[in-house]
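Structures incoming, each one as C-alpha cells.
You will see two complexes here that share chain A, one where it goes with chain B and one where it goes with chain C.
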Partner chain A sequence: MSEEYNDNKTVHAQSSETISGGTSGVAPDIDYVRPAEIPEQDLYHGHSFITKWVFCQDAKVIGVQYFLLATFTGIIGLILSWLMRLQLGFPGAAGFMTAEHYYQFVTMHGMIMVVYFLTALFLGGFGNYLIPLMVGARDMVFPYLNMVSFWMFFIAVLVLLSSFFVPGGPTGAGWTLYPPQTILEGTPGSGAGILLMCLSLILFVAGFTMGGLNYLITVLQARTRGMTLMRMPLTVWGIFTATVLAMLAFPALLVGALMMSLDKVLGTSFFMPTILKAGEVLEYGGGSPILFQHLFWFFGHPEVYIVALPAFGIISDLISVHSRKNIFGYRMMVWAIVGIGGLSFFVWAHHMYVSGMNPWFGFFFATTTLIIAVPTAMKVYNWILTLWRGNIRMNTVMLWCLGFIVTFVNGGITGIFLGNVSVDVPLSDTYFVIAHFHMVMGIAPLMVIMGAVYHWFPLVAGKFLDEKLGKWHFWLTFLGAYSIYFPMHYLGFIGVPRRYFEMYDSPYMTSAVGMNEFISLAAFLVGAAQFILIYNIIRALKVGKPAGHNPWQACSLEWLTPKVPPEHGNWGDRLPVVHRWAYDYSVPGAKEDFITQTTAPSEVVDTGVEKT
Partner chain B sequence: MSDPKIEGYVFKPGFSGMAKDTGSDQTMFKGVHWGKAMMWIFLLSDTFIFSCFLISYMKGRGSTLVDWPYPSEVFGLHVFGVDVPLLLIAIMTFVLITSSGTMALAVKYGYEKNRKMCGWLILATAIGGLTFVGMQAFEWSKLIHEGVRPWENPFGAPQFGSFFFMITGFHGTHVSIGVIFLFIYAYKTFAGHYDERKRGWFTTMKGDYVEIEILGLYWHFVDLVWVFIFAFFYLW
Partner chain C sequence: MHPGIIFFLVILGSILFHIFTPWYWTDVASNWGGMDDTITLTFWIGGGVFIAVCLFMVYCVFKFSYKEGRRAEYKPEDKKLEKILTWATTIGVVALLAPGLVIWNNYVNVPKNAIEVDVMAWQWGWQYRLPGKDGKLGTTQVVNINDNNPFGINTDDPYGKDDVMIQSDVLNLENNKPVKILLRSVDVLHNWYVPQFRAKMDAVPGIVTYYWFEPNKVGEYEVLCVEYCGVGHYAMRGGVIVQSDQDYKNWLEQQETYSDLIAKQQNKEINKKKLAKKIN
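Here is the complex of A and B:
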C-alpha cells in the first residue's frame, strides 16, 4: 500500500479513471469507468457441427484445436527422442536404426519441439484461449483470419510429417539446417526432405502471422472498459510480447527457408560457397553459409524467448493465484518481459561463436547475452518474493510452478557459462549445450504448460483433473527430467560431442557408457509419465469432480464468465467492467482473500486495496 | 463511418500524457480502426522480410569476387537507335507511384461515400499495378533472353541473377496480390457492398469503406518497398 492513500479510505479504492475534482461538493463517483469507445463486436455463430467445431471462428475452440494438434506433434517428437535415447544408451538395440535415421530423428525432434510444439502451444493454444477472456473481449478482433491461421498450421504439420514418407526421408541436417551440407547429397533427406521442411516452415510462418496479428490487435485495440495495459494479467503481457518477437523474428526464418529452397531447386548460390566434392567442383559458388546462420539465429534466438516469455507470464499468474499473494513488483515484471523481448534481438550470434565470424562479434554478443540475465534474474527474484510468506497451496499447480523455478534457474546458470566465448568454445557441440537448452527451454516451459493445464482445465472443461495422478505426473517428470539432464552436464564436461550416432571405442568415453544407459532409462520413464496426463484428462472428462465457478478463487477475468466453460461470445449480454489489476489477493480488510477485477471500488471501501 | 469516434476523450498533453493515453483502457491507438492497426503491424513484419532480403543482397554483392554487372547497361533499353539507361524502370516506377496517388484519392472518395469515383479510382490503381507487373514480366523476359538466369549471369556475378529474380519476384508477388484485391474491391465498391454494409463472402464481417483505406496502406507500402528495391538494384 502506498502511503499517499492511507489517510483517505475512500480515495484509495478509486479506479484510475475516476473523474477528478467533482463539481461543487458532489463526491466523485469512485466506480466511474469511461464509457465504451468501441462498438460491440459482431460475431459469426456457427450452427452446424462443421462451423462449430471444425472450421470454427471461436478463439476458444481454435485454442483447443491448436493445443491438441501441437500436443499430437509433440508426442511424435517425444517418440523420436525415445528412439534417439534407445540408440545412445543401447547402441544397436533398435535394429533398423542407421546413422541416417538417427540424424533425421534428431532434426525432426528439434524442429517439432521448438516450433510445432512449444510455439504453437503457447501462442496458438494458450494465446487463443486466454487473450480474449483475460482482456474481456468477446473474441479475437478478426475471427475468420484466426481460423485460417489454425488451418495453415494444420497444413504445415501435414507437410512436415509427410516428409517422413518421401524418398530419402525427412531432412537430417540438424534443426538448425545449416547449409551447405543441408542440401548436398550425403546428408539424409537432402532431396524432398529439406524442401518439405522449408515449405512447412514457410506455411507455419504465414499461418502464425495471421494468428499473431489477431493476438496483438486484440490486446491493443479490443480490451474491455477499465482494462488498462497495466491491469492486464502477466500471462497476456507474456504472450503479447512473445507475439511481437514472433512477428519480427519469423521473417528472417521465412527468408532463410525461401533462399535455401531456391539454392536447392534452382541452383542459386545464396548460401553455397565453392565446393569440392570427390575431386570435382560443384556448380555452386560465391555464396555465404554464415549468412544463413545469421538469418537463422536472428529468428532462432528470439524464438527462445517466444517460448519463454509466455511461460514467464503464465507462471507469474499461477504463482500469484496459488500462493494467494499479489505478484511481487508487477510493473517490474512487465518491464522485464518487455526488456527481455527487446534485448533478445541483439544476442543472436552467441549461437555462432565457433562459426568463424569476426571475434569482435563474439565480444559484443557475449556482453548483450549477459545483460539479458539482469531482467531474467529480476523475474526469478520476484517469483520467489511472491511465494515468500504467501498462503501457499501445495497442489499440483504449485508443484509445477516450483519445478519450473528450479529447472529454469538451473538452465539459466548454465546459460551464463555458454554466453561467455572463452567458456563456450570448449563446451560447444557437447552434451553440456544439450543439457543447457533442454533445461531452460525444454523442461522449464514444459513445467509451465503442465501447471497451466492443471490450472485452466477446470475452466476449459468444467472439471478438475485428479490431484493424486497429477502429483505422480509431477514427481516422475521432475525427478526424471533431472536424471536425464543433470548427468548430461557431466557428459559435456568430459567432452562427449552431441549429434554423434555412436561413440564406438573412444577410450575417454568409458565412464559415459553407464551414464548414457541411465539417462536413456530415465528418458523412457519421463516420456511414459506424460501419458499419465492424457489418462488424467480422459478420466476427468468422464468422472472428474465438477469445478463450478472460479474454483481457484482467482481475480482475473477469465474465471468470471457467466457460464463455465465460457460459451461463444464469452460474456453473455454485458461485457465486464474492470476496476483493478488481476492480483488483489489477501487484501487486508476484505471479506474474502481475493477481490476480482470486476469488483467495484465502492464494494471494498474499507479495505487496504491499492490503486492500480 | 470508418474509425470509431470517441466521444469526449481529451488527449492529455506532453510525454506523460502520451504514456497515459497509450496505457489507458480499451484501445492503445485512440480512434483507430482495428483493421488499420492490424495492417500496420503486418506491414512492420513485412518490412522485416524485405529488410532480410535486401541485407542478404548487400552481403552477397559485397562479398562476391566476380564483378557486379553495370546496372545502366543491363537495365538499359535500345529505342529509336539510342541506348537509354534505366528507361523501362523509370516508366515502371512512375506508373507505380502514380497508382499510389489514385489509391489515396480512392480512399478520400470512399470516405465521402462517392461510390462511383471511388470505384473508378480503385480500378485505375489496379490497372496501374497490372501495368507494372506486365512491364516487370517484359523486363524479366528481356534479361532471360540475354542469358541471365537465377544460377548464372553472362554480365558478371551469378548472384546478380539470383538476387534480382528473387527480390523483384517477391515484390512482384506482393503487387500481384494487391492487384487481385484491388479488382475485388473495385467490384465490391461498384456493387455497393460498402454503402449497404453487406457482409464479406468469407469473413462474414459487415463491409465498410475503411477496408479501402486498409488496402491502401498495403498498396502504399508495396510502392515504398519498390523505391528501396529501385535504389538498391538500379542506382547502386
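Here is the complex of A and C:
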C-alpha cells in the first residue's frame, strides 16, 4: 500500500521536473533531483478551537506558543531584575526588600532568563517555527510528541512560578544552586522552594527532550528532496547543533536536580559532607559539594552554546539577507558551529577555577577554553566580511544585527579574560563576571531574538512591524544595555563582589555608588523599552502593512510557501524541490539580486552561480 | 543621522571610558602583580580586536549602504583570507594563554617557606589558626568542634597543642613573607578574598583547599566572602592587617595557643569545683 503511494508520488514529481527542464531545451539532466525515498507523513488536522490553537500539533502554532510563554516568563524575569536593580542602585528604596527577597529575586531571575526564557525561546520558539519550513517538511516528524513537549514546558513554568506562593518562598540559592547551602536553613526557600525548583527543572528537561528529538529527527530525516545538509540555512545548523548539545547536557542537570532532591528529602549525602550547623553536627557525611558543580557546569557550559549557536545561525541568515550577499565562508561557518558545539563539552570547569577542585585542572580547561575562541572569532570575521562589499539595507533588522556584533565581540573578548585561568582569579565572583555573561549571553542573544522577530514577523503574521517604532526600540535597548554592562566591568576591577545585597561602606566600594545608580536607571529604561515591541506587535496585527510573499527577497524556503502565513502542512499540494544553497544573493548575470532555493538550474543557466 | 555615526560614537565612548575611568583596580598589595599585567595585555590584544572589528563594521555600513540597482559582490569563499585570519587569531590566543598559564603555575606551586594559615569559615564569620613553634598545624575534624575546642583540633595530634588561635575575624600577617592560606568550612561554600591581594579560592566543607600570596604593603585590608553562602553572605566580612616583622612578632606573642586555652578551661573547671565545694 505505502510502496504504491511512494511510487506515485515520485513519478509525479519527476515528470513535472522533466517538463520544466525540457523547456530550456539544452540539458534536461541538470535539474535532476533524487526522488523521495519515503512517503509523505499523514498530518492530523485540527478542527475545533482546542485542537487548532490549544492542544495543537502544528509545529508553527507550537512555536508561537513556546514563544509567547517564554516571553511571559521573560517579562517576569525582567520585573525581578528591576527589583534587584532598585535595591542595588537605591538601597532601601523598596521597603519590603529584605536580603531574603533579594536573593530569591536574583535566583529566579537567573534561572528564568537562562532556561525558561532563552532556551525555550530559541529552540522551542524559533526551532519549531523554522525547522520544518526551512528544510521543506510539512511538520515535525512527531507532531503529537511535539505538542506534549510544549505542555510539559507549560507545567514546568507553573511549578516554577508556584514556588513564589509556598511557605518560605522560592529558592534563593543563586541560579547555580550550589549545595550545601541550597538545602540548608540560612538560604531562603531551602524547603519547598528548592524542591519545586528541582521538580520544575526535571519537567523542563523531560519536555525539552521530546521537542529536541523532534528537531533532530526532522532535520536528519524529513528534509525535502535536494535539501542536502550543506544546503541548509545556518539557522537550522545552529538550532540542530544546539539541540544535540542539549540532549547531551541536560541529563547532567536532571541527575543533579534529582540527587539534590534526594539529599533534601531522604537525607542522602551525594553533595553533603559532615556539616556543623548552629553547634550541631547534621546527619550528613561523605558527600562532595564539588561533584554538584561538575554536574551543573557540564550542563551549564554547553547551555551557553545552546543559546548562542541558534543565535549564531539566525544572525548569519539575517545579515546575509539584508546585505544582499551570501554568507561569507558558509562551509567554515557550518564547521565552526559544529566545532564550537563539540568543544563546548570540554570547557565546563572554567567556571570552577577557584572552586577548590584540583588546581591542576586549570591548565587543561584554560587551554580548551582559549581554543574555542578561534572558531568563534572566525564566525565574527565572517559576519563582518559578509557586510563587506554587500548592499546593506539599513532597516531595523540590520540594526539589531549590528548591535549583536558589537555586544557579542565585547562579551567575547571579556570571556578571554575570564577563560584565562590566572586572570580569572581576581575577577571571578565579581561584577566583571556579571557584566561579561550578560553582554555575551543576555544582550547579544536578545539582539538576535529582536532581529529575528522583526525579520520573521511578516511571515508569521503576514504583516510588517512598524519600522519607526522598531528603530526607537533598537536604539533604546542597545544604547541602554550597553551603558548598563560596559561600565559594570570596571566595578568588577575594583573588586565589587556579585550577590551582595548591600555594599556597606568598604572604602573602594563607595566609589561605585554613583555608577550603581546610573546602571539602575539605565536598566529601568531598557526594560521599559521592551514594551515598545509589544505595542508594535499589537498595532501591526491590527493595522500593519501587509507583507505579501517573500517581502525581504530572501532565498530560503520558509518564504516560499504558497500561502502567507503558511498553513498547516506548509506546502499545499506538493513539497518544494531544492536545487541550491540558501545564499544565492547578487549572483552576476541573474535577473534579480536573489535566486531562491527552489529555482531550477536550467532557469539560471547564464548566471555565474558558483555553488549549488 | 546615519546609524554608523552612532555606532562609531559607541566605540569611541568605550575607548574614552577605558582611558578616563575612575573605577579601576585597587593598588595591588601582593606578589600577584603579574595578574594585573596579563589583564593589561589582554586589554591591548582583545581591545585591539574589538576596536578593529567594530570600526570595520562601521566602515562597511557607511561604504556599502543600500543603493538601488547596485549588486553586492558574489564570492562564496575566500580560502586564503580565512586561513590568514585563523592563524592570526591562533597566534593572538597563544600570546594571551602563555603568560596566563605561567602565572597559574606559580599560583598552584606554593613556596617552601610559606607560613601556613588555617582559615576556618562558617555562616557567617571567620577565624584563623597559625602554627606554633613547631611550624606545623595540627589536624582537625568538624565533629571535634565545641566551645572548648573551637577549631576542632584532634586532641591526640601533638602538632596541634601549640597552634595559635585567633578567634577574631581579623588576621595579622607579616609583610614580605609568603603565606599559604588553607581554607576549610564547617557548613557551606565560602571564599576568603582580599581584592588588593588579587588571589582567592573557595572554602569547601569536607576538604581543605589552598592558595598562596605574599603581602608586600603594610596596611589594613578588608576581607570579603565572595562565594554565595546564604542570606548573610554580603555581611560576611573580615580583616587583614599586614605588619612589619617587629610589629608582627609583638602581636604574635600576645596570642593564645591551644594549650593555653586547655589550661584556661581546666582552671575554670577547678575553680568551679572549688566554688561548688564552698557553697556546699
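Here, the second predicted complex is superposed on the first by the 584 of 612 C-alpha atoms of A that agree within 3 Å, B and C clash if a C-alpha of one lies under 4 Å from a C-alpha of the other, contacts with A are read in each partner's own complex, and residues count from 1 in each chain.
We adopt the following convention: contacts are C-beta pairs under 8 Å (C-beta built on N, C-alpha and C of every residue); 3 or more make two chains touch, one makes a residue touch a chain.
Being a predicted model, the structure only gives us computed values, none of them experimental.
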item: First (chain B), second (chain C), both or neither touched by A:Val543; value: neither
item: If touched residues of chain A are counted for chain B and for chain C, the larger one; value: C
item: Touched partner set for A:Ile38, first chain B, second chain C, both or neither; value: first
item: Partner chain(s) touched by A:Leu248 [first = chain B, second = chain C, both, neither]; value: first
item: Which of chain B and chain C A:Gln221 touches, first, second, both or neither; value: first
item: Contacts of A:Gly287 with chain B and chain C, given as first, second, both or neither; value: both
item: Chain B versus chain C as contact partner of A:Val141, first or second or both or neither; value: first
item: Overlap of the chain B and chain C footprints on chain A, listed as residue numbers; value: 286-288
item: Parts of chain B lying in touch with chain A, wherever the complex brings them together; value: 4, 6-7, 9, 22-32, 34-35, 37-38, 41-42, 44-46, 48-49, 51-53, 56, 59-60, 63-66, 150-151, 157-159, 161-163, 166, 170, 200, 202-206
item: Residue ranges of chain C in contact with chain A within the complex; value: 2-3, 6-7, 10-11, 14, 17, 21-26, 32, 34-36, 38-39, 42, 46-47, 49-50, 53-54, 56-57, 60-61, 64-67, 70-78, 81-82, 85-86, 89-90, 93, 96-97, 100-101, 103-105, 107-108, 122-123, 142-143, 145-146, 183, 186-189, 191, 193, 195-196, 198-207, 209, 222, 224-235, 237
item: List of chain A residues in touch with chain B within their complex; value: 17, 33-39, 42, 44, 57, 141-142, 144-145, 209, 213-214, 216-217, 220-231, 247-248, 250-252, 254-256, 258-259, 262, 266-270, 283, 285-288, 291, 295, 298, 578
item: Chain A residues within the chain C interface of the complex; value: 99-100, 103, 172-174, 178, 180-181, 184, 186-188, 273-277, 279, 281, 286-290, 323-326, 328-332, 354-356, 359-360, 362-363, 366-367, 370-371, 373-374, 377-378, 380-382, 384-385, 387-394, 399, 402, 405-406, 409-410, 413-414, 416-417, 420-423, 425-430, 475, 479, 482, 486-487, 490-491, 493-495, 497-504, 506-508, 511-512, 515, 583, 585-588, 593, 608, 610-611
